[in-house]
Amino acid sequence: MFDELKEECGLIGISLKKSSPEFIKNLYLGLFSLQHRGQESCGIAYTLDNKIKLLIRQGLVSGNFFKSLPLDVSTTSGIGHVRYSTCGESNLVNAQPFIFNCNKGTLAIAHNGNIPNVEIIKDQLIQSGSIFQTTSDSEVLVHLLARIPGNNFKDSIISALNQLKGAYSMLVLHEDSVIAFRDQFGFRPLCYGKIDNGYIFASETNALDIMGAEYIADVEPGEIIFCKNGEIEKQRFAISNKVTQCIFELIYFARPDSYVFGESVHEVRQKMGVKLAKARMCDPDIVIAVPDSGTSAALGFAREAGIPYEIGLIRNHYTGRTFIKPGQNIREESVKIKLNPVKSIIKGKKLAVIDDSLVRGTTSSKIVKLLKSAGAKEVHLFLSSPGITHSCFFGIDTPTRKELLSANHSPEEIAKIIGADSVTFLSIEDLKQCVKNPDKFCFACFTGEYPIPVIENDDIVIKSKQ
Amino acid sequence: MFDELKEECGLIGISLKKSSPEFIKNLYLGLFSLQHRGQESCGIAYTLDNKIKLLIRQGLVSGNFFKSLPLDVSTTSGIGHVRYSTCGESNLVNAQPFIFNCNKGTLAIAHNGNIPNVEIIKDQLIQSGSIFQTTSDSEVLVHLLARIPGNNFKDSIISALNQLKGAYSMLVLHEDSVIAFRDQFGFRPLCYGKIDNGYIFASETNALDIMGAEYIADVEPGEIIFCKNGEIEKQRFAISNKVTQCIFELIYFARPDSYVFGESVHEVRQKMGVKLAKARMCDPDIVIAVPDSGTSAALGFAREAGIPYEIGLIRNHYTGRTFIKPGQNIREESVKIKLNPVKSIIKGKKLAVIDDSLVRGTTSSKIVKLLKSAGAKEVHLFLSSPGITHSCFFGIDTPTRKELLSANHSPEEIAKIIGADSVTFLSIEDLKQCVKNPDKFCFACFTGEYPIPVIENDDIVIKSKQ
Amino acid sequence: MFDELKEECGLIGISLKKSSPEFIKNLYLGLFSLQHRGQESCGIAYTLDNKIKLLIRQGLVSGNFFKSLPLDVSTTSGIGHVRYSTCGESNLVNAQPFIFNCNKGTLAIAHNGNIPNVEIIKDQLIQSGSIFQTTSDSEVLVHLLARIPGNNFKDSIISALNQLKGAYSMLVLHEDSVIAFRDQFGFRPLCYGKIDNGYIFASETNALDIMGAEYIADVEPGEIIFCKNGEIEKQRFAISNKVTQCIFELIYFARPDSYVFGESVHEVRQKMGVKLAKARMCDPDIVIAVPDSGTSAALGFAREAGIPYEIGLIRNHYTGRTFIKPGQNIREESVKIKLNPVKSIIKGKKLAVIDDSLVRGTTSSKIVKLLKSAGAKEVHLFLSSPGITHSCFFGIDTPTRKELLSANHSPEEIAKIIGADSVTFLSIEDLKQCVKNPDKFCFACFTGEYPIPVIENDDIVIKSKQ
Amino acid sequence: MFDELKEECGLIGISLKKSSPEFIKNLYLGLFSLQHRGQESCGIAYTLDNKIKLLIRQGLVSGNFFKSLPLDVSTTSGIGHVRYSTCGESNLVNAQPFIFNCNKGTLAIAHNGNIPNVEIIKDQLIQSGSIFQTTSDSEVLVHLLARIPGNNFKDSIISALNQLKGAYSMLVLHEDSVIAFRDQFGFRPLCYGKIDNGYIFASETNALDIMGAEYIADVEPGEIIFCKNGEIEKQRFAISNKVTQCIFELIYFARPDSYVFGESVHEVRQKMGVKLAKARMCDPDIVIAVPDSGTSAALGFAREAGIPYEIGLIRNHYTGRTFIKPGQNIREESVKIKLNPVKSIIKGKKLAVIDDSLVRGTTSSKIVKLLKSAGAKEVHLFLSSPGITHSCFFGIDTPTRKELLSANHSPEEIAKIIGADSVTFLSIEDLKQCVKNPDKFCFACFTGEYPIPVIENDDIVIKSKQ
């Protein structure tokens, strides 16, 4: 459900053979197509005359940031970042890319995800004299790098990455190289594609599309790719026995026109809708989606069930995060502001309402209320994911278990709590059948089987999957 | 087609019996729900301590404007405005509401539409010593008002309105009265609704919904409503023999969850899709919409034709007008930025693509190209309006006839020009069957039969409908 | 005394034969040299491509205003303005130049001074339908102009000026003409000078100096000068029987390096000091000035008395109006912030402290306290003007008589009130001997003999000089 | 000469026994009185709820910075800084106080001066893994501090300071302690005073005056003072055999109402004028100062010589650095903008013009030209310092020797170069007689005898005094 889950970031990187006057424009376009992955701040870093230039701003890519871009710069190498804060205050200090100067040179870093248990390493570094500039996990990598003797940058970064177990995808700009790597479990997405003049790296394929790049592959879990002068060099910094990609990228975060982890997001969601339709216990008159994340599944549901798909909720697309944030008494009306029911459609109907997930239930509760007050006869809520019973420690900002409705209530109880006539979750088995390689995903938020041991509320969770 | 047609404005007004600390918040919410009617500037005016306070800003309602609102003000009377420029530069000087001080007191004015031939009256006023502050048509009304002797405000405004023949809906704030009126032809919409504590005026009903107001009626063409202390007083300033409401409000401008001119926008658009499906000469595999304005019609089309409706184009909702405007070389990519095809859906398919209208054809041409490059086998474009052959003089910013594709080409020629396999327009007869009272609409942009004589390129057009 | 009296404005105008790429820079430099005449807002208007361009900003000339200047524009005609508000709120609405569009064309107006009794004419205009945009007196002139039939601009403006009795100096930009005029009494200064390529108009000669212009003459009271293409045409709009220039321009407002009303400001002030020294009844050890307005007189005093001149008070020159304004509790410390005593100089000394004037006495009181707490043995305050006993109605923002210390107290009483050991005012006779033509000045604030009848607190004052 | 020499910074610190609601106001007032020491950026850091809050801005203390202050905060401990860049770009990254988080806690640092040869230590730190955030010398201190094992903050900072030889005065905020120290040579000033509720630290005594604090002493060279809860604890981190205070603080940087290094700045400057008068070889008609730094000396000169002191140059006090910076063609006019001659004073006179120093001679050259064009018969320039022949490496931004006029020319040659009739420098012997303890000053810029060995243009300078 929108506004109930937040992910961290979107990444874009470009590395060209010959410098191009369209470089900044393309970096911008790529970033723009990843806007849905982070609306709080954005930034780019690029190499010019052997220096790394940085430009970061709070707010949307399409706002003041665009106006401040040096669109006439011609260069070959750069990275970009959009950010959704999972922690820390929402200010410029945390906007990425970060720039660090160390004995291995100047680095710009853009990262997505996090490094669980990073605090242990960080404390050791601080105790022995390291001074941290940010609260970002990625700074730990730079300090590890700076502590490695010698000047071989490639060996050093591989050696530093060996010391980190995490859930991160990162792009690093170093001199005129763009370096891409993904943690050994492959939690967060990162793919790359080719254009005539070089390579594009991005969190989702729709960023490749907008630049006319041809998708090549995902950066492999545990793989690091050095890209310079239009040449790619791949190495492995870790052996990846176990791949645990985040299933929520497919359920909610990614845009339906993207391919993520090699899957068409739209198709996976349509299949979820088909599965939900097969499992339905009620007989709705029409199927409506909670836009936009429920739309693909709703279409699949409607087709499978042979029930008309309708536009029952109109989303106001002018609602950025900004104007809701102030915390003023407008917050309560946030759902009403974002969604308006189409009364002529809804009045007197039994509705199958398709949404992607249910977290705390507060938004769902408001939507049900909204639909009923618009005249809906019955509201049957279908979620294209299982009930979320456990917190995420790998980059998604989920509430604690106490606040997770499914951790504490049955679907029947949830229906009562939110005022719906019924609530149906996608079963974990059905979910697994919607993707090609279910073994390569992390379902910990539904099962509690964390692929890496995590510390939860000061107690060590040992439910590691093995 | 988005970006090819612009309308002027959205209006909101609130008049309460008892002053409310939620006044500004509600004014804001109403304005916010009308954001789609104008994204260039916004403003509110309200009465406080016998003075009219004004707050205007460039840009979106949800941006800096929100932050600058005095949310703690408690009052009874105010109006708001969002603006899309049809003429004049896009600067704060033209942002509304306007404030005027004259011998009838201080007035704040928010208007939607225009007054054709206003220049003649304006010239007379200037020649006899009037000094205009704005280039807005509505200032003429104030000067006429100021020239009327005596102090009876109600009589004076009615007398002034009698001297204007136009295509306007306006809200005026005068002392603690909100005054609403609509030109005698009823070109632009304006409705009102009731809440416990008073009345709400708005361009569309979705603004009533967001405040929980119950729709009462449209302001009648030629009617003026004075609202104060929760009391309404209706008068007529003109007899309205001929009502000519703008059909494009239903085709394109209004939000599908609104009722406009007493019609459900969504239902009218679905009917258009049904009519288009019946008239189809091809056999598409799937139906897709150009989001968002083509969506309702696409659903109607798909259902009537028994062909699957699919999400074939994803709209990036972060594209405000701001970032496209700069005119830099990004403009060319504007369609690519706004729409991304879902390749897995489109590849190898014969598409029925439903859009609302076709003006210059430039955007349509880009969409066809986009779909073909994503692998579409055939692209059949359906427009839920007839071909636009004539310019509008009543508030919509259409190009001159030379630039209107349908004024100069047959559908077959247009298909060739834009690269589509076929282009099908809704016939004017079918269009008329989609609304309840076809006699009460203006179809001049399709027929050239202007309800008021207009001056086109220095030649007087006498094609008045009689 | 600084901060106790405020005047309105500074004016600059440039009219060239041939357009110059240094035009804006020179307009700026002129304005900058007049900064002391108004720090609240500033603006320029210039003609480019037959249009008048306007640029206004709040704050100092040297701040953001400078950054926003189009320094590369090449043109021939323009005017500029700095403003100190005497009335109205301190906002952009009142920043000048004003722009008005009327049947005589577009006019930019910069004015200094005011028009007493303007309300009567203004009311008549409003009653007959004029709509005012500003609260500025100069707008009345434009409305009068617009009401005059016919299109002869020169005749019309002369005719309009005939209807106004005031205390104004104005510059008007109309097409590519700069028009300068001064009311028939000559209250406010306005002079002009010549450069190779044309003419410069300015409130003070230091603005001519900075542009290397040679002073020609003052604009005569009742004279209007039309300047275009480097040609000057002089006319009279009123016969000036009685000239009453503001003596406070010489006492306080003008910069000492300027000539105003044909007098060297520095020399006049030195003479005042000489007169004060001659009249002294005490025997001070050193002479110090309240910087900067008391400095010239202090030098004259010291030389005449044969007593050392010392720097006893250091002025912090970073105190703009801005940071004092907020009204926070910092205001009380305002004198302490602006002036710091040089203890090593002051300790144990009998001081002759020279200041320009004493209004409410609040600032003087704080200065005396400051000096005593720094160790001064005696503080004898000398004012280079007589006691102010009457309010000004001709452009200076004086308090009402109740608040004027000299209107209600003898010098001995004032000394007690402010804590000084003695207070000595310059006598009106001595003051008159400091200027060349004492008959051509207004001394009403010292005598109550107003040259134009004024309305004071609803009672008509008939103390006109005759 | 103004604009030819720049010093780094001004420091202010407050440590109170009981938290005060006037804390921020007083910190501000202190900073404001030090504005002349740095106009490029300003900032404060204070402790609130065990956290250090930071507020920095570009520009003047009295501008936007003031508006952004949390004047209602009540607290006990804080420091402030104004900055004039000697190196690095003029941007917010370099604005102070700096904040660092290390294993000794969070520190805010404000520093004045620099650490010559710091690069050697810095390189070692970087090679062993330290990552620097700023280009400021003071960050080296923090890294040294972080490398010291254990948690005793006081011992650690003393140990770290032992490793640095520099020309710095610093204030550190750590938890609720304000820590002040001055390098062992005492190059830069730092004093402290007492108020009822605690202690004030400041670069100059005028900051104590504005808060009503009583001067206690200078922080001794090599001394560190820990101040907390209104208690002071003094320690020594270095033995100070040789004190070399910067003589230019007295010649130019400090405000005349301050005591610096125990000397009254005004009195020292007056003595300089007296010495110059005694050494004069010409017979001027009047004495004028280049305001403001030449004023005290000019008064001393005039009195000693028995020649009238006059105000011959008026300084426009609205010239901040901002508006000159843009580098546009206005720069050339910078002297003309800042200074205007009083023609009535100057015309036909032989002038003794007193300025503080002569660096490149460009400004002096312009002033001579200005005075001559205003009619001066002869211009005799007197400098209240010897000729500057060597660069400073201890915190003042002097040009290289090639650009220093006195390093390459005799006074006679300089007179020719700048167009003056004569140029007289204060002799080093005379200069020494103007201060109480001439042995405790650095005169290296006049003599080349650097108290610390410095590296000049890659060659090690061994001219250490010894």
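Worth pointing out:
Residue numbering begins at 1 within each chain, and the chains themselves are lettered A, B, C and D in the order written.
Going forward, contacts are C-beta pairs under 8 Å (C-beta built on N, C-alpha and C of every residue); 3 or more make two chains touch, one makes a residue touch a chain.
Just so it is clear, the model here is predicted, and its values are computed rather than measured.
Chains touching both subunit A and subunit D: none.
The set of chains in contact with subunit A as well as subunit B is empty. Among the other chains, C has the CA centre that is most remote from the centre of subunit A. Annotation: 63 Å between the Cα-based centres of subunit A and subunit C.
Spacing of subunit B relative to subunit C, judged by their CA centroids, is 51 angstrom.
Rounded to whole angstrom units, the spacing between the C-alpha centres of subunit C and subunit D is 36.
With touch defined as above, subunit C holds no residue shared between interfaces to two or more other chains.
Taken as a graph of touching chains, this assembly forms a single closed ring in which every chain touches exactly two others. Annotation, chain-chain contacts: A-B, A-D, B-C, C-D (touch as defined at the top).
Touching subunit A in their complex are the following residues of subunit B: 22, 25, 28-29, 32-33, 35-36, 39, 60-63, 66-67, 71, 206, 209-210, 255-257, 259, 264, 266-267, 292, 295-296, 299, 303, 308-311, 314, 316-320, 322-323, 326, 328-330, 333, 336-337, 340-345. By the touch criterion given at the top, residues 100-103, 126-127, 129-133, 142-143, 146-147 of subunit D touch subunit A in their complex.
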